[in-house]
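A short worksheet on the structure shown next.
Chains: A, B, C and D, in written order; residue numbering restarts at 1 for each.
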Amino acid sequence: MNILSLFVLIPVLTIVGILFTKDYKQTRVVSAIGMGIQLVLAGLLIYLYLAERNAGNTAAMLFTYDTVWFPTLNIHYSVGVDGISVAMIGLTAIVVFAGIFASWMVTFLSREFFISLILLSSGVFGFFISLDLFTMFLFYEVAVIPMYLLIGIWGSGPKEYSAMKLTLMLMAGSALILVGLLGIYFNSAPGGGQLTWNIQQIARIQIPIQMQRFLFPFTFIGFGILGALFPFHTWSPDGHASAPTAVSMLHAGVLMKLGGYGAFRVAMYLMPEAAQEQAWIFIILTSISVVYGAFGAIWQKDLKYINAYSSVSHCGLVLFAVLMMNQTAMNGAVIQMISHGLMTALFFALIGMIYGRTHTRMINEMGGLMKVMPFLGVAWVIGGLASLGLPGLSGFVAEMTVFVGAFQHTDVFHRTVTILATSSIVVTAVYILRVVGALLFGPIKDDHFLQLDDAKWYERFSTITLIVSIAAIGLAPLWLSDMIGSSLVPMVEKITGMSIAGLF
Amino acid sequence: MTGTIPLMYFLVISTLMFFIGIYGFLTRRNLITMLMSIELILNSVNINFVAFNKYLYPQHLSGHFFSLIVIAVAAAEAAVAIAIIINIYRNFKSIDVDKVDQMRY
Amino acid sequence: MTDFTYTILIPLVPLAVFIFVGLTGHKMKPIVSGLIGTAGLAFAAVLAYITAFNYFWIGHTAGTGYTSIKAFEISWLHLTEHLTIKLGSLIDPISVMMLVVITTVSLMVHIYSIGYMKGERGYHRFFAFLSLFSFSMLGLVLATNIFQMYIFWELVGVSSFLLIGFYYEKPSAVAASKKAFIVTRFADLGFLIGILMLSFNTNTFDFQTLVSPTGPAITQAGGAAFMGLSVLSWSLIFIFMGGAGKSAMFPLHIWLPDAMEGPTPVSALIHAATMVVAGVYLVARLFPVYALGAPDALHVVAWVGGISSLFAAVIACTQTDIKRVLAYSTMSQIGYMMLALGVSGFGGHEGLGFMASNFHLFTHAMFKALLFLGAGAVIHAVHSNDMSGMGNLRKYLPVTHATFLIACITIAGIPPLSGFFSKDEILVAAFEGNKALFFIEYAVAGLTAFYMFRLYYSIFWGKETHYHHTPHEAPLVMTIPLMILAFGSIFAGFLPFHNLVTSDGLPFETPTEWSIAIPSVLIALLGIGVATFMYRKVTGVPDKIAGAFSHLYKWSYHKFYMDEVYLFVTKKVIFNLISRPVAWFDRHVVDGTMNGIAGITQFASVKIKGFQSGRVQQYAFVFVTGAIALVLIFVYLW
Amino acid sequence: MNSELMFFILAGMILIFSVMTVTTRRILRAAVYLLFVLISTAGLYFMLNYNFLAAVQLTVYAGGIVVLIIFSILLTSHISERAVVAGWKQNLLSALSVVAGAALTLITMFNYTFTASSEPASGSSVKDVGTALVSYGDNGFALPFEVISILLLAAMIGAIIVARREKLKIEEKEIRREN
């Protein structure tokens, strides 16, 4: 059995297991066990991957498996991973695992909740392991659709509105992606012969440039919507604000990464010439995202909105870095995806925990929480510091790699946008500290806060998992960066059309 | 027995009857009258089948049988339709077609 | 050559202490965490002394220059094919000197804090943060490359943030910590851009490569020019922006006075002796590049330093919060150091300013830490920061009084205390470098003496004040560090800095320039005299003078309204003019467009839904008409 | 007897009674007019020499369906009831549409020449019809016969289910009450 297929299989088995549970207590235990196995498996995958690489295996994709499942259109179930996907799988496993513990106390329709959640995660895993565009798209939809139910049923506030908005906008993105993918498929054999969905095969040929010009915006914007590309990001604040904790975590932590990953692996990798021609448009949009999201976050009062705008800013940086089209910046983009995934999951988990106690998310109604819930307070500060790029935590590694990479362009345009994007670190500091100050520090505003308790064991477990991951990447980034970097070489060569030496 | 009557006569009769039926269907508001209009329409079609069969393909019986089957279908349809109408009458205390407009936006 | 690999332990020990105390501190008795922190720091201090001894005397053959030794280095992150971030420790005269300064002051502060923080909530947290800070600061000075420095630069920023906001229930402390972090963060943006520019053009982060006179930075100094300055100059100016932020140079100084909201030992350690001189250290670290590659940038350094020192000295004369006076005094003294670097040249006697700057850094660390700790002892005794509520404390606090006086004399520059020597070297360097700045510094010397003695007399002399409860001398654990630092302040001046810490590693002679020293001493004495006249006894003179220069006094008292300017920029411009419209724009225009699309769909559906009327006859009519129309079109009109 | 005259009489009856069926305001009369139309149509079939079909027309249509309709009329309305007429707009539009459709169809028909076949007519006696109905192959109609029988069965069941009083609803209501 191929190890990668297990990543799709285990969630499915877990779902089957959940069907046999009697009450929410059993359900959550089964979910936790299933996702725990998944996490162990992800660790094992990283280990196997590195071992294989160290043994001198230089194939672009490892652990590949390929079988046709719809011969008429030549659709394969084709899986394989490189350093980038391995890293993303690791991220997903961590966030899902933490998400299960963050939703430990979901008792309303808990079976359905966990089934949707795990179904979503299986879609994400499937997306990251797929090498076949159609299968990838299939998994993409599997990941997006349960979101509607999760927000619409278990959400809060105007949940129907938010769920509808989020789903519609993401579906619009899907439609664009589908156009792009079909276009790629029908141009995948310009010299005649069998059309193919396989990414690796398509990468070997060149899609005609006129087609690229047409298809690239579709694909890039389609994935960009999920990656919160300005001005298609507005689903994010509403959606996150209404979503239940674990869903926000998964959505911002993992699902938004599908956008970045797809924009990079599909749009740019397969259509490099058009990407180079049109990059400037998207660079402008993404730089706007970066700064605009940060400024937008300053003014918000709802914790989830703040974090949603912060996500817009950080995810903008991912796409920004991808568009810089050099090894360093793209490396930074992937690290930023992982880093932001962990950070934002941590934030949403904490917001959920705090909201569960104070029953408000408005920062001006809170204050002094550090005193009553020191554990959550400290976790929040750590998350905040990671978010504003403190060395030793993951955000710094990602941001610095991105900035150094972006700075490798010498022309005025790139320099200007780079400096603009760099300036976001200051704005980020402003809104992070504003929240920390208003939320945790200062006098306690409401007497009933004094009765609140600190985190429960499962909440601690969820939080600590994420913090440890953030710190691990922040303290020892070399292995991750090298793992991603070596896999990037062929892609960057294809995208820039130049052969590069690689770093090592 | 048809003698000198041209085919066209039958067709004209059938056409007129068909459109009279449609007119009835469009203007009568009583469901039963509408059902009767439908019977007219079916009847006109039957005439067509039969006439074509007789004049153009006398060696076959296809049109004839088609009419036969249409009559059977009409009978079935009438039975079901009347069942529906009676049911509607029970629920709405009326068989006015304009009163039965629950299936809308 | 001696093996210096063990120097890596100097920062790592405090780090271990931080992790240990941070995670388990709440379970132990408060005093235990204090002792663990102090022990860790003591260990680091011993290592630092051993390093200094090894480097300056054991491992060094007399007569040759001091070289920089890369004791340890590991790769941390690959960025591009040329650029790799490494972590390690670099041993050279200035880093060794800084190790000694930091560990000494930090150790004193640790010991002092055991007493000072007694009974505070979050005792262990305090010591954990102190260890974190010590780790970051030591990592900063040991940095082998500019990116490592940036990493630790950020870490000290955060430690400072955490320590300023230590009393997190006090809104003013929270605001101050936020302000400190954001202002320095803004400066760090410049630093980062400078690093990016510098590294892009030189393909290296490494200090040894950068400062090497044959290295890419200096040889390619010409480079492309932008607005009349070379790229190298620009990058160095940006880097200096980072240094200016951390060192509270005008106009990025506004966070420093507010930072005094933190506990006093923190002010002594971070905001007087160590972190705020990081900017000086940064410029000193890159000094050859500045001096040889971009003299323009060095002029900027000199002028910023000069202006800051004067600016701060003027403000210090009117402040009434004793810690704020000391904060402005710190800013002024750091201005001195910057100025000395700015007017210095490279190599031999030319490098006098470099040496003087480091010398002053060293002595300043001693006496300023002493001043802060003394102020802490005073605050500890009277529970107030405001000197208008103090007076005649000398009989209650004899030890504090004596050590404070020593520190005041030292900072005023009266021989033979250490301040005199280092300040004198700076004045000589300024005289040789830039006459205008030299006269500014003369004025500042007088002002310094004046405001320090104003402070001194207001606290320890002057009116007999009635206190809530009789002030009492601090416990021994607090006074011993005072005495040790007083000892350092007195005798640090006799260290042969011109042999040890020079711009090119080679020793040179610095005869005392009496023609400059004597007037400076006289000016200092004049300042002291004026202060004595005005503040020794309660007189009406200060008010009269304040009245005479009412405008100047008011401006100075309000710190030249810098805070208000910043407040205007942040609150009005950034919050109200950028952020709020952005938020509005997002909700109403961008999201409005999205909702508008949905709205159009809905509107259209409302309009169209009339077709679904539920009327069978209408459907039939449309169907028949449609069929007729289709026949018409396809049979006849097509 | 002149067959043309016969035809015109039948055609006239068909048209007149058709129009009266859809215009009269008394439903029962409409049903009776419909009966006349159907009988006249049977006459046309006789003229065409399709005797069996004509017989079926008379028994099933005239005898079965019309009776069914009359029953349903008696069940749902009073004899004296006058049908509500549609508004003039609806009448006018429908008439226009219908006239246009009829004109279009007629024009199309007159523009096309049908050439009558001179092949000998196959037998259409009851025996022939019966044989064809149960044989298969070229001129066999066994399959449609079977299909229509199933359809009739389905319609019968359907009609019963639709028309019977619903007990289900009551049960549902009871269930709701229990909750």
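Rule of thumb we're sticking to: a residue touches a chain if its C-beta (ideal position, glycine included) is under 8 Å from a C-beta of that chain, and two chains touch if they have at least 3 such contacts.
Keep in mind that what you see is a predicted model, and the values were worked out from it rather than measured.
Q: Tally the contacting C-beta pairs at the A-C interface and at the B-D interface, and name the larger one.
A: The greater number of contacts lies at B-D.
Q: How many Å are there between the centre of chain A and the centre of chain C, using C-alpha atoms for each centre?
A: 37
Q: CA centre of chain A versus CA centre of chain D: separation in Å?
A: 67
Q: I'd like the Å distance between the centres of chain B and chain D, where a centre is the mean of that chain's Cα atoms.
A: 4
Q: For chain B versus chain C, what separation do you get between their C-alpha means, in angstrom?
A: 97
Q: Give the residues of chain C touching no fewer than two other chains, as numbers and ranges.
A: Touching at least two other chains: 617, 621, 624.
Q: Would you mind listing the residues of chain D that make contact with two or more other chains?
A: Answer for chain D, listing residues that touch two or more other chains: 86, 90, 94, 97-98, 101.
Q: Which chain A residues reach two or more other chains?
A: Residues of chain A never touch two or more of the other chains.
Q: Let me make sure I understand the interfaces: which chain pairs count as touching?
A: In this structure, the chains touch in these pairs: A-C, B-C, B-D, C-D.
Q: Could you please specify the touching residues of chain B with respect to chain C in the complex?
A: It comes out as residues 22, 25-27, 29, 34, 97-98, 100-105.
Q: For the complex, which residues does chain C have touching chain B?
A: Against chain B, chain C makes touches at 609-610, 612-617, 620-621, 624.
Q: Tell me, which parts of chain C touch chain A in their complex?
A: Where chain C meets chain A, its residues are 75-81, 83, 85, 147, 150-152, 154-155, 158, 161, 165, 168-171, 174-175, 177-178, 181-182, 185-186, 188-189, 192-193, 196-197, 199-200, 574-575, 578-580, 582-583, 586, 590-591, 593-595, 598.
Q: Flag every residue of chain B that touches chain D in the complex, lowest number first.
A: Going through chain B, the ones touching chain D are 1-5, 7-13, 15-24, 26-30, 32-33, 35-37, 39-40, 43, 46-47, 50-51, 54-61, 64-65, 67-69, 71-80, 82-87, 89-90, 95-96.
Q: Which residues, counting only chain A, touch chain C once they are in their complex?
A: 165, 168-169, 230-235, 237-238, 292, 295-296, 298-300, 309, 327-328, 368, 370-371, 385, 388-392, 396-397, 400-401, 403-405, 407-408, 418-419, 422-423, 425-426, 429-430, 433-434, 437, 440-443, 477-478, 481-482, 485, 500-504
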